[in-house]
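Two complexes follow with chain A in common, the first pairing it with chain B and the second with chain C.
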Partner chain A sequence: MTTRAARPYLAAFRARFQLVLQYRAAALAGFATQLWWGAIRILVFAAFYGVNAAAAPIGLTDVVTYVWLGQALLALQPWLADPEVGQAVRSGGVGYDRLRPLDAYGYWYVRTVGWMLARALPRAVLMVLAAAIVLPLVGLDDWAWRPPSGVTAALLFIPAFILMTMLAAAVLMLANIIVAASLNERGVNAVLAPLVIVFSGSLLPLDFYPDAWRPFLHVQPLAGLVDIPFRIYFADLTGNAALRGLALQAGWTLVLIALGRFAMERMMRRLEMQGG
Partner chain B sequence: MNALALYGRYIITSLRAQAQYPTATLMLTAGHCAATSIEILCVFALFHRFGSVGGWSFGEAALFYALVNIMFSLADLLSRGFEVFGTDFVRTGAFDRVLLRPRAAALQLAGYEVRLSRLGRLIQASIVLVFATNLVPITWDARAVAIALWAVAGGIGLFMGIMVLQATLAFWTVDSLEIMNVLSYGGVQAAQYPLNIYAAWFRRVLTFGLPLACVAYYPVLAILRRPDPLGAPDWLLPLAPIAGFAFLALSFVVWRTGMARYASTGS
Partner chain C sequence: MPQILVEALAKTYRVAERAPGLTGAMLGLVRRRWREVHALADVSFSLEAGELLAFIGPNGAGKSTTVKILSGILRPSSGRVEVDGLVPYEDRVRHVARIGVVFGQRSQLWWDLPVIDGFDLLADIYRVEPERYRRRRDELVAMLRLEPLLDQPVRQLSLGQRMRAEFAAALLHDPAILFLDEPTIGLDAPSKLAVRDFVRRLNREQGVTVLLTTHDMHDVEALAERVIVIGQGRLLTDGPFESLRASVLAERRLHIDFAGAAPELGIPGVTVRARSERSLELAFDPTKIPTPKLIADITARHAVDDIHVDEPAIEEVIARFYDLHDAGEA
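Up next, the complex of A and B:
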């Protein structure tokens, strides 16, 4: 019964995933940009660590891994609303979505997940090749992307990764809904991108910010996008702290999905069809 | 009409077009300001945690950040035509129309769409400059102002040169390649920290390859009246930004080679 019910959503996910996977040039360009970006970030970190490594909350090898992991999974960060939602709303295509005998939120949600994963996957594979395999081979061991610190960390990273993807999609759904209500993605993206980059830990691991900010930084929803899963990966968060991190990710995901469903229902009631 | 007057006309037309949508322009500028200012947060947090690096305090590093972002925002404002050249001109065939007009193609492209929203970066960088001035403190006498203006001019030349190279690539690829962003945006990223904190090979890239150090690091040393910790002679420091103009000139040489092999896409 449940598999029957899930089938259309799986199909929607697969269709979107396979389509976006076709954009190979975009993936290659994205990879090259992220490789360079990661390299600059690491050079800057190395300079600061060279002066006063004791002041840092985590070791240099962990920061290097953090940077590469972040660059590899950059496309999983919810900084841009799904471009197809904006198009569908402006062209009137959203009318078809309303006619489907599916849950509208669920349908957009799985498509958004498909879009994000398909953009992330090829870049992540290339980044593993470059940063985790080629760098150690050419003798730049200190600057390489390390595997997870231990079996427990690796096992804990699996749910952390799934939750980070689900949380990112839940954030993006809120952005999608605002796009659908305002017919334009520019405003949302302008606000969303800087917020996500700072508060997820993309710009800097959250513990690098002044200590006084910590109580807030560690409980806000965006921490589950980068900071928590990555610290689980290199075993900076272990045991109960890791479980608390996973709980935070799951909790915020549920809250944001509930919020998104509520907002979507209200938005759809007021939605006016465009185009023709 | 001479080239300069025509260029002025292009800019005025584009500004008037944006003035038709004042709210949208203001919102976009504010958004751009917010999006580009998060980097200073990163610089601040790192200095706050580690103290100083390479003999630099946060205030001094903020001066690098401010100057680099000011030069990039102005270059960005003036070279939109080159940035979208592949997508909007070569692929669509619109470049044929540009070539038919009895004016230099480069001039027409430089005057294409001067986007006011790009001033968002300029605004935040100027605010950082004021903060840096108070933190260090910097005395803005005639000499320091002259060096700063000269460095910004050189920097505009350098960043425009990168955009021209990016556009030139489109003669071969028939599309704008984002990959060149590693030079423009990545360059800003690299040059907003003082050069001497980097590893030697990277310093060499930033001095002789992509001469960002010549428009940011050396002139800032001259403004702060500091000798170069890496040992460049004092007389060289204020002269260095000339490398930006040299880079721009070189880019236009490459641009001409590209133009010579341009074949229309025919649409």
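Up next, the complex of A and C:
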């Protein structure tokens, strides 16, 4: 029964995943860019730690891992609305989406997840090769991407990773819906990218921000995209703190999905399609 | 109980209006005026299972809007719609599982995927049982001669090939009702014939109810027993195509090639539509001047090489009908 219910969504996910996975040139270009930026960010951190390491909230080796992990999974960050949605809205393909006997939100959601994962996977594999394997081999051990800090951290990172993906897709769905309602993705992407880069902890781990901001930074939804899962990875968040982090990720994911479903319902009611 | 029931259907769009030019654009930022566009004003009709109905009307008449409401994509401003006992836009998911839709101007197949992969995906999306899917797919592939196209990505197909694939895609889940929105638009003559032939077989042999919109009067003549003419969001007529033709135009045309120069005829009730050196095209009403009598009169007085009678083209019938109802695009 459940397999029957899930069958269309799995198929839609698989189709999108397989299709996007074929774009090798995009994956290589993305990897090269992210490797380059990763190196630069690490140099900046190294300079900062060289001046005043005591002021830093986390150690340098953890920050290096934080950077590589972030570069590897950059394509999982929701800073770009799904281009397929913008295209479907302009071409009228949204009409055909409405003709599928599926939950409209779920149908878009799984496709967006497929798109994100297919973009992230090859880049992440290449980044592991480069930052976690090649760097130690050439003697740059201090600048390498380390494995998770212990078995518990590794095990906790699994749900944290799943939740970060689900949360990212829920954020993207809100962006997708705005794109569909406004018929244009530029405005959304322009606002979304800086918000996500700052508030997820992608630019800087959230503990680097001023003390007064932190209570807010640590409970806002975007913290679950980078800061929480990555700190679980290198065991900066452990025990109850780690569980609280997972709960925060899960809670915000549910809230954003509910919000997205509501917004989508309203958007579809207003949907207008003119012409042939 | 009819399969499709439409009562007093209306759909109004709000369109932002602004004065032309830069000043207009600036003013539009501050204060925006809205104009209401009545795509559908008051449309009612019903359709029994197994019928084949053609919807015709000028551009902007509301044909596509009607199809989009019936298929559950759009929600009407007012009125009642029931298809197989369901209200399409209220019970969308259950409704769309039972219908097939082809929009001539859009594609429902995946541009980058081979045709067969698109079919497989649709079978998953509609949860068609694998055994049933294989049978249905093979049947459609045979009917539409799709075998050589199955491995090609959709983007490589010609429009005619793609439309055949689109038809199969719309029917894999075996819907009882098929909505076609301008299915022959842009197709070449053989492809049009193939589409018509397929739709006819589907309707006659498999009992699928078909509602199609078109601008191609040959589609209507070849397929539909019943025609609805719609203009400016209103239903102008609903009935057999022949009675539409009879009500608007009982006119006959007589084409005559003379042995010598074309004469002045001067017969009351007969108008000369075209004249060349040795031939005439005449128009007359056969209920007033019987065709055999007219021919006899002419051949008795003039030497005639060739003579034949025909009816006005269907396009002309419709154009005249639109004029009559002032229904052309505003």
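The working rule: the second predicted complex is superposed on the first by the 273 of 276 C-alpha atoms of A that agree within 3 Å, B and C clash if a C-alpha of one lies under 4 Å from a C-alpha of the other, contacts with A are read in each partner's own complex, and residues count from 1 in each chain.
The rule is short, and it goes like this: a residue touches a chain if its C-beta (ideal position, glycine included) is under 8 Å from a C-beta of that chain, and two chains touch if they have at least 3 such contacts.
Since the structure is predicted, the reported quantities are computational estimates derived from the model, not experimental observations.
Using the contact criterion defined above for the overlaid structures, shared-chain residue A:P136 touches neither chain B nor chain C, since it reaches no partner. In the superposed model, A:A12 makes contact with chain C only, not with chain B. In the superposition on chain A, A:A193 contacts chain B only, with no contact to chain C.
By the document's definition of touching, of the two partners only chain B reaches A:A32; chain C does not. Judged by the touch definition given at the top, the superposed model places A:L99 against chain C, while chain B stays out of reach. With both structures placed on the common chain, the touch criterion links A:N52 to chain B but leaves chain C unconnected. In the superposed pair of complexes, A:G251 makes contact with neither chain B nor chain C. Chain contact summary for the complex, chain B toward chain A: residues 27-28, 30-32, 34-35, 37-39, 41-42, 45-46, 48-54, 177-179, 181-182, 186, 189-190, 193, 197-199, 202.
Those residues of chain C whose C-beta lies close enough to touch chain A in the complex are 13, 39, 64, 68, 71-75, 92-94, 96-97, 99, 101, 103-108, 110, 112-113, 117, 120-121, 124-127, 181-182, 185. The touching residues of chain A, when paired with chain B in their complex, are 29-30, 32-33, 36-37, 40, 43-44, 46-48, 50-52, 55-56, 186-187, 190-191, 193-194, 197-198, 203-204, 208-210.
By the touch rule above, chain A contacts chain C in their complex via residues 4, 7-8, 10-12, 15, 19, 91-93, 95-96, 98-103, 269, 271-276.
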